[in-house]
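Common to both upcoming complexes is subunit A, partnered first by subunit B, then by subunit C.
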Partner chain A sequence: MRPEFYKTLLSPFWLILLVLAVVLPPLLPSYYLHIIILTLVYVALASAWNIVGGMAGQISLAHSLFIGVGAMFSTALLLKLGINMWLGLVISAVISGVLGAIIAWIDFRFRLGHLSFVLITLAFAEMGAVVVEGWDFLGGASGLLLPRDTGNFLQFQFGGGIGAFWAMLVLAVAAILINVAILNAPLGYYLRTIRDNENAARAIGVNVLRYKIAAMVISAMLSSVIGTAYVRYLTFADPYLLISPVIVIEIVLFATVGGLGSAFGPALGAILLVPLGEILRGKLGGVLPGLHYFIYGVVVIAVILITPSGLLPLLEKWWARLRGTAPARK
Partner chain B sequence: MTEFMQALAQGLLIGSTYGLLALGMGLVYGVSGVVNFSHGDFISLGMFMCLGLYSALTLDPYVSIIITVPVMTAIGAVVYWYLIRPMVGHKFLMVVQLTLGLSLVLQNGILMVFGGQPARTPSMVESKLLILGDVVVRVPHVIAFVVSFALAIGLYVMLRSTDFGRSIRAVHQNANAAALMGIDVSRVQTLTFALGIGILAIAAALLLPGTPIQPAQGLRYTVITLLVVVLGGMTNFVGIMLGGLIIGISEAFGTIYLSDTLGMLLPYGIFVLIMLFRPQGLTWSSR
Partner chain C sequence: MTITRREFAIGASGVILGSVAAPFVRKAGAAGSTIRIGVVNSMSGGLAAYAQEGHPAFEYIIKKINDEGGIKSKGGAKIELIQADDTSQPARTATEARRLITEEKVQLLTGTILSAQMLALTPVLDELKTPTLSVWAGGSHSNYMFTLGYPYDRGYAQSMHDFVIFLRDAQKFNIKTAVMGYSNYEAGQQVNKFLTEKLKASGVQIIGEAPLDIRAQDQTSAMVRIRSLKPDVVVGLVTPRDGILLHQARYNLNYHGSIFCGGTGGYSDLSLWKDLGPEIGKAVLTNNLFGMTGFSPGAKIDSMQKIITELRDVAKLERIGQGAIQYAQAGRVLQQVLETSASLESDALLDAFKKVNIPFGDPNLYVAKPKGVQFAPDRLLTDGSAMFIQWTPDQQQQVVFPKEFAQTAPRPRA
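After this line comes the complex of A and B, so read on.
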C-alpha cells in the first residue's frame, strides 16, 4: 500500500460524511431514506462492477448472474431448505466466484476480443434469466417472498429502514475501499496494463489469466453479497428486477457516466443518477411511466458525447484549474 | 413427422425475417465497425409506429410501410450523424455504451407514448392460413419469407452492381484507401446506417401481424439479431441469411421438442459454442 491510500482514507471529508450518516437518517421521511438506501445499493454495485469493467476494461454484462445468485439463491436456500441467510450469503458468494472464474477462464482461453466478451456475457445473462424463470426451486417467474424483517441480526435481518441503511452503507464503503485498495496495489497496475494492451502485458511477463480471474472473482463475490443484502431489504426476490440484464445495463451506465476505472467515478454516477431517477419516478411515474429511464438514457448519451471518460475526470480538471495546479495523472 | 415438418416450415419462415433484421446490423458493422445495441429498440419503434398509424388512420401494417420506411431512414441518418459519428474515433466500447443509452431512450420513449400494456396491430391477412399437405402455415409468415428474401437479393444486387454498393464495399475493405479514392466515408457510413434502420421498418411490419408487442421487447430482438450476425460471421451476406434460418429453426424445434426453459436456452447455447469455437462464423469466407 502506498501512503496515498491512507491519506485518501483519513481526509476530513469522510469524517463529515460519517457524522451526517449518523445524524441524518432518523430525521428523514422514510421515502427519502428509501432513495438513499437504493443509491447506496447502486454505489456498491457500480463500484463492484468497476473492478472488471473499469480497471480491466472488460464490459461484463454477466454481473446480473452474480447479483441474481446472491439474491435468488440465498433466498431459496432459506425458504426451501431452512439454511441461515448468513450461510446462504457465503454459499451464494462462493458460487458466484466460481461462475466468475469460469467466465474469466473462457475469456482467456478463447482470447475473446472486447466485442465477443460483451456478447458472450450478454448471452450468459440471458441464459441465467431463462433458467431462474423456469426453475421452481428459485421461485420461477413469480419470485420468492422473504419473511418479515424483525431485526434479528443472526438471521441476517437489519430491522428495515435505518438498519438497512447501515448495512448498505457498510457495503458501499467496503466496495469503494476495495476499489481504492486494488487501484493502489500491484493488482490494479496489472489490470490497467492488461486493459491498455493485453499483448504487451503478456510480453513483459504479466500473468494475464491469474489477474483476470482475480478481478472477476473479487467483483463477482462482492456483487453477490450486495445482491443478498439488497433482496433482504426488498423482502421480495423479483427475478425480473434482480436477474434481468437490465440491472447490469443500468450499472454499466452509472459507471460510465461517473467515470470508468477510477475508484470514485462509478459511485459518483450512481449518486447523481439514482436519486434523479427515483424522484422523477415518484413525481411523474404515475403520469409518464418510463420517464426516469428516458432521462437516464439522455444523460448517458449527453455525457458520452461531451466527456467520453466520464464526469469525474471532468470535475477533477475543473477543480485543478480552480486551484491553479495540473491534474494528477491516474 | 408432421410435427417435424411443421416446426421446420415455421422456423424457416420466421428465420428469414431474422436474417433480414441481421443484414442491417451486419452492413453497419462492416462499414463503420459499430455494433448497435439499440437495434431491437428500433424494431420496436417500427412496430409501434405501425400501431400508431393503425389507431390513427386504420392503416394495415403492410400499407404503413410507405410512411414508416422514410421516417425510420431519416431517424437512422440523424442518429448516426449527430450521435455515433462523433464517437467513431474513440474507443469502441464507448459506442456500445452510447447505443445502450439510446436503447433506454427509445424503449422508454415508446413506453411513455403507448403505455406498457401488450398491444396487437390487426391486419387483413392476420388469421389467414395456407395449407400445404400436412403443413399449415400462416399467411403473414409466408409474406415475411418472400419479402425478406426478395429484399436480401435486392440488397445483394445493390452491393454488387451500383456505385453506392461499390462505395459501401470499398469502405468495408479499407476506409483509408476508400477516402483516398475520393469516397466520402462519413457519408457512406451515415447512409448505410440509415439504410439498415430503414430495412428494420420493413422487417417490423413483416413480424407484426399476430404478434403482441410491448415496449420492453427491444433487448430480446437485439439479442436475436446479435446471435444471427455472429453466426453469419459478422459481415458475410449469405452467412447472415443462413444464420437467421438456423436461429429460426432452432427456436421452433426447441419449443416443440424440449421443455420451455431448455427450448429458450437452445439458441443461446448454440451462440456461445459458435462464439468460442468458430468465431469467424459458420460459412467459410473466400478471403
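After this line comes the complex of A and C, so read on.
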C-alpha cells in the first residue's frame, strides 16, 4: 500500500465528517435527512461502480443486476423463507460476485470492445429485470413489501431516519475507502494499465483476466450489499427502481460528472447531483412538470462542457492554484 | 454564431435561478384561512396519462367547492392544493409525500398513487400519520391510506368473473374454456391470480396464459398463442398500450374464434379508436369484445351524466374519460371528509374517512357504484364493482352489465 493511503486515512476530513454525522441528523427535518440518506446511497453506489467503470475503464451497465440481487433476493429470502436479512445480504453478495465474475470472464474470453461490453452488460441487466418481474418468488412485477423497520439490529433493521443515515454513512465511507485502498495498491495500478491499454498491459505481464475479475467481483459484491441496505431503508422492494437500467444510468452520470477513476470523484458527483435533482423536483415538479428534468440536463451538460474530465480535477486545479502549488499527478 | 462556455454558464444559471425562484414569488401572494391538501401525481414519466386526464377535473371540483363557500363546517375554509410530481417513480412518491407533509405542512394527501406508489408510500404514511386518498391504488397497506381504485380481488377480478358468468348463464354464451390474457405487470399479475381462482371455482377451465410483455412493440406472439389454444373466452387486465397492440395483432391475424373481455383501458378507453383507426376498430372492437370500465358516457346514471356535461361545458375539458370522473369523485370524497371531520387533526380526519358515505342517487356520486361510495375496514371501496360495455360501429359505448346501468343486452357472438 502506498503511503498516500495512510495519509488519506488519517486526514482531518474524516474527523470533520464524523462530527457532522453526529451533530447533523437530529437537527435536520425529515425531508432533508431523507435527501442526505439518498445521497449517501448514491455516493456508495457510484463509488462501487467506479472500481470497474472508472479504474478499469469498463462501462458496466450490469450493476443494476447486482443492486437488484442485493435488494430483491435478500428481501425474498426473508419474506418467503424466513432467512435473516444479514444472511440474505451475504448470500446475495456471493451471487452477485459470481455473476460479476462470469461477466468479466465473458469479456476476457471474447475480447469484447468497449461498445460490446456495454451492450453485453445491458443485456445481463435486462435479463435480470425480466427474471425478477416474471418470478413470483422475487415478488414479480408487484415487488415485495418488507416489515416495518423497528430498529432491531439483529434483524437488519436500523430504526428508520437516523439509524438508516448511519448505516448508509458507513457504507458510503467504506465504498470510498475501498476505492482509496485499491488506487494505492498494486490492483489499482494494474486496473489503470488495463484501462489505458489492455494489449500493452498483457504484454508487460499483467494478468488481465485475474484483475478484471477481481475488480468486477469487488464492485458487484459492494453494489449488492448497498442494494440490500437501500431496500431496507425504502421498505418497498420495487423492481422497476432497483433492477432497472435507470438506476445504473444515474450512477454512471454521477461518476462521470464527479470525475471517473478517482476515489472521491464519483462521490462528489452524487453529493452535488442527488440533492440538486431532488430539490429541483420538489420546487418545480408540481408547478411545471418536467422542467426539473430540463434544468438538471442543462446543469449536467454545462458541467461536461466546462470540465469534461469531471468536477474533481477542476476543483483540484483551483485548489492547487489557490495554494500556489501544482496539482498532484494521478 | 458561437456560444462560449462563459456565456453558456451565465445563460444556464439564469434559467435555473429564475425557475427556482418562481414558486416562491407565487407563494408570496398567498394568504388566508386554508386547508392544505398535498397532491402527488405522476405528471411526467410513463404514468403521466392518469393525472394529465384526471387532475384538471380534480382542480375544477376543488375550485367549485371553494367558490361555493369552502368547507362550511370549518368556517368556510378554502382548500389549497400543493402539487408535486413523482415522475412516475414510486420511490419518488414517498420522497414527495415526505416533503409535502413535513415542509409544506399539508393536512391530507391525495393523487394518482397507483399500487406500486401505494406500497412505496406506506412506511412514510405510517411514520408521519397523514391520512391519504389514492385515486387509483388497488390495495392499501397503511392504516392512513384509503383508495378509490378497484380492489384487485373484489373489484377487477370479481367484476370480470361476474361478467363472464353472466354471459355464460344468463346470455347462454358457450363458455367452457378461458385463456388468461393480461398485461404482465404488477396489477395485471395480481388481478390474474384472483381471477383464475374465481373462474376455476365457477367451472371455467383455464387452458393457458398469454401474458402481454409490457415492453413489447408487438403482441402478435401472444395472439398466435391465443389462436392456437382457441379458448371460448380471453380475459384479463390489459393496459391501453397493450390493448392497442393486442387488437392490432388480432386484426392482422383476422382472429374471431374467442370472446375477448377485460379491462380496463385496453378494452374500453375512448382513445382506442383513435390509436387503432376506424377500420381496425370496427373490425375488432365491435366483434366479440366487451370492456370493463368504471365510466361510460352512455351509462344510465344521472349524476354521472351531469358531471360529464359540466366538465365539458363549464370546465371546458377536452378529455373526459374514466380518469377525469375518478378524480372528480376524489374531490367530492375529500370535501365530505373535511366537512364531517371534527377537526383537522390526523385522527379526526381518519375517522371521517371511515364514515364517508356517498349513496347511490346522491348528486355527488360520479362513479358507477350501485351501492355508492363507502370504505370497508380494509380501506378499499365496499362496492368495487364496475360496468362492462360493448362498442358500436359509430365508436360509441353501450353499457351491457350490470343490469342497473345496462342500456342493452350483449351482442351475440359473431
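By definition in this document, the second predicted complex is superposed on the first by the 321 of 330 C-alpha atoms of A that agree within 3 Å, B and C clash if a C-alpha of one lies under 4 Å from a C-alpha of the other, contacts with A are read in each partner's own complex, and residues count from 1 in each chain.
Keep this in mind: a residue touches a chain if its C-beta (ideal position, glycine included) is under 8 Å from a C-beta of that chain, and two chains touch if they have at least 3 such contacts.
All of these numbers come straight from a predicted model, not from anything done at the bench.
If you put the two complexes together on subunit A, you find that subunit B and subunit C bump into each other. Looking at the shared chain after the overlay, A:289 reaches both subunit B and subunit C. By the touch criterion defined above, A:300 lies against subunit B but remains apart from subunit C after alignment on the C-alpha atoms of chain A. By the document's definition of touching, of the two partners only subunit B reaches A:253; subunit C does not. Within the superposed three-chain model, A:134 lies in touch with subunit B and with subunit C [touch as defined at top]. Contacts of A:119 after superposition: subunit B is touched, whereas subunit C is not reached.
Once the two complexes are laid over each other on the shared chain, residue contacts for A:245 go to subunit B alone; subunit C is not touched. When the shared chain is aligned, subunit C comes close enough to touch A:145, but subunit B does not.
By the touch criterion stated above, A:235 is placed in contact with subunit C alone, subunit B being left untouched.
Of the stretches 24-32, 114-122 or 150-158 listed for subunit B, only 114-122 runs into subunit C once the two complexes are overlaid on chain A. The contact surfaces that subunit B and subunit C form on subunit A in the two complexes overlap at residues 133-134, 288-291, 293, 298-299, 305. For subunit A in complex with subunit C, the residues that touch the partner chain are 29-31, 34-35, 38, 133-134, 140-143, 145, 148-149, 160, 234-236, 238, 240-241, 278, 280-293, 295, 298-299, 302, 305-306. Every residue of subunit A that touches subunit B in the complex is listed here, in rising order: 57, 59, 106, 110, 112, 114-116, 118-120, 122-124, 126-127, 130-131, 133-135, 245-246, 249, 252-253, 256, 288-291, 293-294, 296-301, 304-305, 308. By the touch criterion stated above, subunit B contacts subunit A in their complex at residues 35, 83, 86-87, 90-94, 96-98, 100-112, 115-116, 215, 219, 223, 226-227, 230, 259-261, 264-265, 268-269, 271-272, 275-276, 279.
If you check the complex, the residues on subunit C that touch subunit A are 5, 8-9, 12, 15-16, 19-20, 22-23, 26, 39, 43-44, 48, 82-87, 89-92, 94-96, 98-99, 102-103, 115-116, 119-120, 122-123, 126-128, 141, 184-186, 188-190.
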